[in-house]
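Chain naming follows the written order as A, B, C, D and E, and within any one chain the residues start at number 1.
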C-alpha cells in the first residue's frame, strides 16, 4: 500500500500534518500535543511550500525501498509489504536521507523522522477534509 | 554437495543477493560461506567504538534471518579456491561444494602503504569486528593516537577516539581532509570542527617511518617526529579479489563485472567492495566501496542468478557522513570544478551543485542536509535543472520547485523489477 | 374555486347488466345494495338505470333536481330557449319513504335546437348547474336516468318507486360521507349524457384532476370528488374516443418501474399515456363503476386500496364492492373474479362483442 | 495582520462586519486558518508568536471556523454598531459609506436577503386521515418521475389488425427521476469543480443541470444528456454541437436576482480554460447584454425558439427562462404560444454570481405568487399542458418543492441549495472571485478546495434526501405519483395571509 | 384562443413533399413555393442525408426562415445551398460550416450565432446581421440594417469576418468582442450609422470612407491601418470583388480607418465589491 496525494484537490491546508503530529504524540490529544508536550511530536508528513505552491508527500512505501537498501544498521526493514523503522537500531548515519528519492525521510533534532503508515490505517488519509489523500495498493 | 546458489561473503552484497533470490524463488537452495563468524555491518564499527550501539547492534541480520529465508550458512570458514570449470569451490577445511551460480562478495581490505619500520603489531586498521575489539582494548591504556588518513573512516575514528579522551592527531597526504569528495569550503569547516575538539590535522603530510620506545615514534614527511600510543591506518580500502584472480576471473583494480554483475566467467557473479563497476556519472569503471552499491549489486546479481535479467542502471559515489553533529551528504562528482558550479554558504550550511549540460553531476550538501535524496534522483533521471537551478540552493528545495509538468512523473515510483515484501532484521 | 368541499366517503357499489339486452326490474340491484347496508350510513344512495325510457329513446332525458319549486320556471324557460321539449313531468315519488328533506324532481325529454349534439347538451347542463341557483341536472342521457338522494339506497328506491322501471343495466351506490351534510345532489351516481359513475373512495389528486378538467371545459359543481371521474371518463371515452382498456391505463397507470421493464413498443405507448394524461391519474383510494349504454366496467386505483369483485351468471354480469352482494342478488354464480389494481372488468352487450374482441387482442393492455 | 502604518489610502469610515474571536486556550498556531482564508484575514506574527486577524477583511464565510482543527475560532457579526435606527439600518449606512468612498454601483452575490414575505412559510400541507389511507413510501411504490416538455391534448391510437398503434407523435420530452433540477450556474461564475460536480450529480441521480450561459467544456459534453444548455444574450460557447449534445436548450431572457440586467464576467475571471469554453480571448470581459439583441418582441422570441428547434432537428424541448415580474402570467402565456416547451420562472429570491445590490433587492416578485398566477392563467387559456413550468428562486427545502408543485410547477430549479450542499455559506461575496469554499472562484488554488467526488456525492445526497422527503409528504397525502400533486392546490392552505394573497395563490385559508 | 405549434401544426409530412425535390447526382433542386420553413429544412435534410447531395438549389424562396440551420451533423461534410428569391429571418443561424449563397435580398438575423462556413448575399440584408457570429465569413453586397455584428466574438484562430459592400445603420459592432467587420461604403460618400462599436471590447472594424468622431462609441478609438491590416483587407476585399464583380484595386486604393476598442474591460471601474 501507499499513500498518494491527488494534487488536483489537495488544498495545502496541512490538516494531515497536524493530525499526523497528534497521532505520533504521547497524549494523542491535539491540545496537549501542541501546547503541553515537550518536545513536541514530529509530523511524519513532508509539506513542501513555496510562495505559490505546495505539495504534500508521504513515504511512498516503495516496492524497492532505497532507504532500506542504504540502511547500514538494519533499522529500516519491511514486514509484510510495509516499511518499518526501528529507532533503537538506528545510528542516524543519514544513509536513508541520502538515498530516498522523494525526500520522504526527514532528519529533525538529531532524529530520523519517517512515516510509519499508522499501522496501515493512516491518520492523514482519514482526516483529509478534501479526500486528497488516498491509499493505493 | 551441490547448491543452486553459492554466495561467498555475508555482508551487504551477500544479503542483497539472498533477499533478491528469495523474492523470485522461495525454493532454490542457497549456501552462504564466509570467513566472518557473523553477518555484521562493517559500517557500524565506528558507532560501536563510540558506544552508540552495543555489540548486539552490529548484527545486520540475525541468525534467525538465515533460517527464516532457508539459507544454509558456513560462517567462519574461508574459501580456498574456486574451480570455474567444475563449478566447485573448495573450503579451507577441504570440503568441496558444487554450485550452479556463484556470487563472489569478498569485500575489501584496508590499504596499507609502505612505511619504514612498520610491522603488523604496530598499527590498527578499522574495518572488522576484530579490529574494533583490538582498538577498544588498546584505547583503555592509550593517551594519544595518530591516525593516518583523513578520509571518512579515519575521521570517524578520530572523532571516536577524541570522545574517549585521547589526544588525537590525523596525518593526511592531501592538502585538506576528505579531499576526494569535499571541496575546499566544506573541508575547512570539517577541519575547524576537529580543531575545535583539539584534534590536530597534519595536512600535506605522511608517515615515513615508525620507530618505537615506550611509545611509537613516527617520522613524518615534513621532518617532524611525533610520539603516540596508538597508530591507526585508514587510507582506504582496496578490493579483496585474490580468490577471483586465482580462479582466472578477470580482475583490474577489482573484479570486473558488467551491469548484470556478471564476471568474465559464466555463472560467476561478483558484487560489493571486491568489484570495480561503471560509475554512471564519472563514466569510468572503478571500485565504489559503498554499502548501498554493494547491496544493490548483490541484489541485481541475485535477480540475474535466478534467471531474471536485470541491470544495475545507476551507480555513482555517494556518501553520508557526520562529524561532531555536522552532517554532510555528497554524491557524484561532488567537488569537481569542471562544469557550472553553483553554491551557497550560509553559516555552516552549504550547498554546492556541479552542473554539466544543465544536469546535476554532483553535489555537496552540508549542515542542513534536508532531503538530499531528491538530488540523487535528479542525477539518476538526468533531469535538465537549469530552469530552476536557483531554487536548488534553497534549504527547503523540494518537488514543489520542479515544474509541474515533470514533477508528477518524477513522483511516480519506477519499479523496475521485484517487489520487496519482507526483509527482516 | 373557493367554497368547494371535497367529500370523503367509503361506500358500497354494485352494477349488473344483462348482456343479451333483456330488461329487468330493480329487484336485484336493490337487494344487493341492501346487503351492503353497512357500507353506507344513510346519508346517500342512488341508482342509474339504462333502457328505462324506450318510448323516448331518441331524446335526452334530463332528470332535474329542484331545490325549490320557484326555480322550475327558470329551468323550464332555459330549456324552452335551448331545446325542443317533447315531454315534461314530475318524477313520481313516494313521500312516505324514509328519506331526508327531499327536493322536487322533474324529467324533461328534450332535443337540442339546431341539430346540436352531445357537446351542446353538456354545455347547457353545465350552464344550468352553475348559473341557475337551486337546480341541478342529475342525469342527461338518452333512455336512461339517475335516481338518487339522501337516505339508504332501499329508501331511495322506495322514494322513486324504482320497482316500476325496467332496464337492461343497473348500477347502485350506498354512501358513507364523513364530513358533509347530506345533500341530494351529492349522492351517486354522477352522470353526464349517458355516462354514469358510482365511486367508492377519495381522490387525493382531486385538485390536479379538477383543474385539468376545468381547462377542458368541465366545471365541478356538485361538491364531490366523484364528479371528476365522470368528467374524466366523458372526456376520454366520449370526446377522445379512447376504449376503456386505454382509459383504465390513464386513470390507474402502471408504475414506472413496471413500464421500464416492458418491451419497447409497450413502453412507448405507456410512457406516452402517462406523460400526456398525467393530470388524469386518479390518485388515492378508489373504486368506480362506470356505465354507459351497452357497457359497464369497474376499476380500482392502481394499488387497489378499495375493493371490487365481478361475477357472471348466464347472461348476467355483475360488478360489486362485495361478492356477497352479488350472491344475495343472484345466488349461485358461474364465475367470480377479482381484478388487479387498475385492471378493468367489463360487461358488454353481446352486440358489442366485436369491440370486445378487438380490445382483447390488444395485447399491450392485457 | 501587520499593524503597520498605512499610506496613500483613503481612510475608511466603515465598521468591520465580523468579529474574529480566537480562543487562546485552544489555538495551537497551526495556521490552518491563515492558509484557508482567501481574503487574508489571518496571519501569524513571529515576534510575538501569536495569530492575528484583520477583521476589516472578514466576510463571515466561516471557512476558518470550520477548518480549525481545535475549533478555536468564533466568527460572528461585529458587536460594534451604529445607534439602532429602524430606518437607517446598519446595512444601509455601510452601503452608503462604501459608495461615498468609491463612487461605484454596489455589487453583490447570492439571492435577495430582504424580508419580503416568504409565502412558503405561510402555506401548510394536507395529510390523509382515516378516510383515505396514507401511503408508506418506504414499502409501497412512490413515483417522482417527471417529464418536461409539451404534452398533447389527446392521444390517437390505431387498432389495425388487432395491434394497438400509437398514432400521435409525441413532442420531445425529457425524463427526470425527481422534479428537482440544478439551476443555471455557468462555468465562469462558478469553478470548474463546482460545475463538474453538478454535472456528475445530475447524471448520477437522473436529473438535469444547467450550464448557464458559459458554455459546456468539451470534456464535460459526455454529461450532455443531463444538461440544459443555455443560449443567452452573450451566446458564449454556443455552437451547433453544444446545442445538439444537450437534453434541453434554454433561452435565458432573465434571472430572478437581476431582471432586466445583463451579465458581466469580469476579465480577471476569464482564465484560459474559461476562454476556451466561452470562446473569447483570455482576460476579456465577458459581457452578456441585458436583452438578447435578436429578441425585441414576442415574435422575435418565437423566431429564436424555432431557430433552436431547427438547429436541433426538433429533437429537444426548448425552454425559456424569465424572471418573475409583475405581468409574468401574460408573458408566460405569450412564451407558451411562441412555441416554448418549458418555461422556467425565477423569483426575486433567486441567486446570482454578481448583481447590482439595488437591483437584486428591489426588482421582481416572489416565485410563489408568480408560479400560482402563471399556472392559473395558462389553465384558464387551456394551454397549461403545452408547457412545463419550472419554478426557481428561493426554494429552500423539500416542502417548498412540494408547495411549488401543488401551486402548479412541474419541476423546481435549485441553485442556492445546491451551492450550500457543496459548502457555500451565503457570505454573498461571489462577485469578488474569491470563494474560500472553492465554489464561486476561478483561482486554481481555491477551486481545488472543492473535490468533485465529494461535492457530487453531497449533491446526490441532497437530491436523495429531498426526494425521500417529498415521498414522505406525498405518502402522507395519500398520493403515490408526483403528477397527482401538480396543481393540486387542495393540498395547500394559507396561514396568516390576506384575502388577496390567498386569491393569487388560489388556495383556501387554513381551517376553511 | 386556439393553440398552434407554428411549425409542426402547419407543416406537411416529408412523404407528401418529396415530389417537390429533384435530385440530379450531387445536386438537389427544391421548389420552395408555398413550402414552410420546416418543410424546406426537412427536404434539405432529406437530400443531404438520404441522397448524399452536397449541393442544394432552392427556387422561389419567399420569407422562409432558418435556411441551412438544420444541417448540423458530426460528419464534417460541407454542403452548399444556393437560394433564389428572398429568404426569411435567421438565414444560416447556427450554421455549422456550410455555404449559403443568396440571389436576392436577405432579411434580419443573417448568420445568427453562426459557427463556421460562408454566407454570400447578392443584395442587401436586414438587422442584426452576424449577431454573436463565432466563425466563418459573411459577405453582403449592399447595405445592412441595425446592430450589425453585435457581440461578434473570436477565439484563437477562429475569427469571423463580415464584409458589407454598402453601409450599416446604427449600433454596428455593439458589444463586439472579436472578429473583423469591413464596411466598404461603395454606394454613398458618407456613412450614416451612429453609436458604432458602443460597448466594443474586442475585434476590429475597418471602414472605408469618412467617419465623424460622434458616430463612434466612447469605448472605441479610431486608428490608421498597419501593413498587416492591408494584407488582411487585400484578401477579403479581393474575394468580395471577385464574387460581386468590383474592382479591388480601386476600392483598396481609398482611405480606410480602423476602429479598435480602447479596453478589453470597458466597465471595470463602474462596480464596487
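Assume contacts are C-beta pairs under 8 Å (C-beta built on N, C-alpha and C of every residue); 3 or more make two chains touch, one makes a residue touch a chain.
Keep in mind the model is a prediction, meaning the values are calculated, not measured.
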item: Given chain C and chain D, the chains that contact each of them; value: none
item: Farthest-lying chain, centroid of Cα atoms versus that of chain B; value: C
item: Closest chain to global C-alpha mean, per-chain Cα centroids; value: D
item: Between chain E and chain D, distance of the C-alpha-averaged centres to the nearest whole Å; value: 36
item: Chain centre separation (chain A, chain B; CA means) in Å; value: 28
item: Between chain E and chain B, distance of the C-alpha-averaged centres to the nearest whole Å; value: 79
item: Chain centre separation in whole Å, for chain E relative to chain C (CA means); value: 64
item: Chain C, residues touching no fewer than two other chains; value: none
item: Set of all touching chain pairs, with the criterion as stated earlier; value: A-B, A-D, C-D, D-E
item: Chain D-facing residues of chain E, complex; value: 1, 3-8, 37-38, 41, 45, 65-66, 69-70, 72, 74, 89-90, 93-94, 96, 108-109, 112-113, 115, 128, 131-132, 134, 147, 150-151, 153-155, 158, 174-175, 177-178, 199, 201-202, 264-273
item: Sites on chain D touched by chain E in the complex; value: 98-99, 102-107, 150, 171, 231, 233-236, 238-241, 243-244, 264, 266-267, 275-276, 279-281, 283-287, 289, 293-294, 302-304, 306-311, 313-314, 336-337, 339, 356, 381-383, 386, 429, 431-432
item: Residues on chain D engaged by chain C in the complex (per definition of touch); value: 128, 130-133, 135, 140-141, 143, 145, 147, 149, 151-152, 154-155, 157, 159, 162-164, 166, 168, 170, 173, 379-380, 382, 384-385, 406, 477-481, 483-491, 506, 508, 512
item: Of all residues in chain C, those that touch chain D in their complex; value: 1-2, 6, 8-10, 178-179, 201-202, 204-212, 214-216, 239-240, 242, 246, 255-257, 268-269, 271-279, 281-285, 302-303, 305, 358, 361-365
item: Contacting residues of chain B [partner chain A, same complex]; value: 16, 41, 43-44, 47, 52-53, 57, 59-61, 291-292, 295-296, 299, 318-320, 322, 325, 327, 329, 331, 369-374, 376-377, 380, 391, 396, 398-401, 404, 407-408, 411, 413, 415-416, 418-425
